[in-house]
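Naming follows writing order (A, B and C), and every chain is counted from residue 1.
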Amino acid sequence: MMSNSNYKFDWNVIEKYWPEILKGLIITIQISLAGMAFSILLGICLANGKLSNNLLIVRISSSITELFRSIPLFVLLFWIYYGFSLKFNFALTEFEAGVLALGITGGAYMAEVFRAGLLAVPIGQLEAAYAIGLSKMQSSMFIIFPQAIRIIIPPMVNIYIGLLKGATIVSVIGVSDMIYVARYVSLETFAPFELYSLVGIIFISLTLSISGFVYLLERKLGRSKVDG
Amino acid sequence: MGNSKSFFEFEAVVSSWDILLKGFAVAMFAATLATALAIILGLVVALMRLSTVAIYRWIAFAFTQFFRGVPLYVLLVWVYFGLAIAVNINLSAILAGVVTLALLNAGYLSETFRSGILAIDSGQIEAGLALGLSKQVVFKEIVLPQAFRIVIPPMGNQYVDAIKDSAILSIIGVPELMRESQQLANLYYQPFEFYTCAGLLYLIAVVLVSRGTNKLEKRFYTHSAQN
Amino acid sequence: MNRTTESYIEIINLSKSFGSHKVLDNINLTVNRGEVVAIIGPSGSGKSTLLRCLNFLTRSESGEIKFQNRSWSLNSEGKRYKGKKYEKSLSELRSEVGMVFQNFNVFPHKTAVQNVELGLIKVRKMTKNSAREIAIKKLEQVGLGDKINQYPDKLSGGQKQRVAIARALALEPRVMLFDEVTSSLDPELVGGILEEIRRLANTGITMLVVTHEMGFAFQVAHRIVFMDSGKIVEVGTPDEIRNSQEPRTRAFLSAIL
């Protein structure tokens, strides 16, 4: 399977092109953060829908969540950027299409996280809030939300890691992220192995440091856990 | 239906049905094979992490961290366009895709299996040992069957993720559903129709697998309550 | 009753610590063949740990345990056994020593009869058919003849504990260890399980019973061991213990009875 390789390793390309790669990284981070913001908004809407008293709204929210979770991000991205925008003459930049696709996928996951977080706060807490005369709004803001947020944050960061990893595919529609940069530089330098290795290492360090952060956060939040 | 002005133009999609189905079959084959490999590898890695030998634990830990940290797209591009070229291996796209997908899923499954095994009450193990069963028999007869029940739902989720992720294999030219859809979309200049159709097919696969997992879990759940 | 004066189990200078906490502090005890010994004492006195040391579910760090003059702790040179071969040999000992736990620990993924036949098939290497025959007989003995194909989640606590007893008895052990076997049971189910143990005591099997049921202990046991803070405070016949002059024993018994 293996024959004598003619491949000339040239690690100098990294030294020469790392600023470009880093610029690509910043785009990846931007797109994932924007996607995350969209996910949070969508997630809140869907979670509220799922917890609604109206059965129809519950059904619709659940179906939308299920649908968004089931479509591969990659397919969604193509559907939005090539299919949807062409069909409806809706001009989208590559960046916007990427944010939308990430936001829809992430939002479906966030919905479940929000729902679980809100449900985890015991009903007695709400009753106690009403009992001391807080309004529904005040109870949610000052009693339920601060307790739910501790449960929500760790899985939320995990979803962000997922979006960050998912954001790597936006180069296929032409967003000039890290992989995109690595690809065109490697066409010039014939050093794909070195460049993709660099991209991989940057990514692993990024995701691992965020996971490490979640781990520490979970331990810290775990100590002041919500109790009944 | 045949009207070219209609909202959804069926004709091209319907006439390409066999190509789409073949692509769908390739996608399912890749995802299923990758998941099967990932289950075996994930179990080995989980056992290594639970080993008393420190070096096994470290290797397994590094494996898990690495493959959970790297995005599929990055790893796929690295393996197929980077590694294969650098060491000059003639790697088929489908092989590269399945192996990469399997490695990533094994990283996740190893954690699932580890926590499933650790979730078994130590009293169960002690009761087995107290009967005079060897550690191996205790593991095989008592720990593994109970852990299996616990890991059915996350295992089903992993299979679903593998099906969804398999769409990314199109970038290295694996002739799966997404790849075929892209080519047909360009050929007929009907991206909306073809990508909608692709999305629906993935949706069907995902829903079927989720349902199947639920059924399997329910069938096993009846007797899984501790004591 | 075929109680003998032949020493059957010997516990010599046994000590065990969890961290800096000494759970067992230089325990010495001899149990004769056919003897029923009840171990009583306050919570955390080391009763259960002592019992678990006897089949090596818990390892003592010093001291020795002998069954019929064979040491299971030290080799002929007086060094502590260790290693894979020793771990394997423990199976042999454990199959001779039945144990019943506080939390039942029945296997939830196996039916009552599968729970009982597992040891027969895997340890005694019996065929499935003869194992099943014995398993059914043992379940009938503990009054579960009509539940043999039930999974544990369909059984009450008392029934689960009966399965656990049948599971241990199926291997025809020479010693039975009972570790607070009625503590997780609803009060109305305690009597039935105690009756089961009482019946077993009359068969002449050697038994060590850790229990909080004082009435039962004084009725059934030939000797009573009172433990406190990891030490054996007193050993004696039920009458001797009942009339003990030892202040700690008196304090414990007056608080309970």
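Going forward, a residue touches a chain if its C-beta (ideal position, glycine included) is under 8 Å from a C-beta of that chain, and two chains touch if they have at least 3 such contacts.
Here the structure is a predicted model, which means the values were calculated and not measured.
Trainee: Minus chain B, work out the clusters of chains still connected through touching contacts.
Mentor: A | C
Trainee: So which chain ends up closest to the centre of the protein, judged by Cα positions averaged per chain?
Mentor: B
Trainee: Across all chain pairs, which one has the most C-beta contacts?
Mentor: Of all chain pairs, the one joined by the most C-beta contacts is A-B.
Trainee: Calculate how many whole Å lie between the centre of chain A and the centre of chain C, each centre taken as the average of the chain's C-alpha atoms.
Mentor: Spacing between the chain centres: roughly 55 Å.
Trainee: Using mean C-alpha positions as chain centres, tell me how far chain B is from chain C in Å, no decimals.
Mentor: Roughly 47 Å, centre to centre.
Trainee: Let me have the rounded angstrom distance from the C-alpha centre of chain A over to the C-alpha centre of chain B, please.
Mentor: One centre to the other, that is 20 Å.
Trainee: In the complex, go through chain A and note every residue touching chain B.
Mentor: Chain A reaches chain B through residues 1-7, 9, 66-67, 69-76, 78-79, 82-84, 86-87, 164-166, 168-169, 172, 179, 182-183, 186, 192-193, 195-197, 199-200, 203-204, 207-208, 211.
Trainee: Applying the document's contact rule, which stretches of chain B touch chain C when the two form their complex?
Mentor: Interface residues on chain B, with respect to chain C: 121, 123-124, 126-135, 137, 141-142, 145-146, 149, 222-227.
Trainee: Tell me, which parts of chain C touch chain B in their complex?
Mentor: 55, 57, 87-88, 90-99, 101, 103-109, 118-119, 122-123, 151-153, 160, 164, 167-168, 171
Trainee: Where on chain B does chain A make contact in their complex?
Mentor: 65-66, 68-75, 77-78, 81-83, 85-90, 160, 163-168, 170-171, 178, 181-182, 185, 191-196, 198-199, 202-203, 206-207
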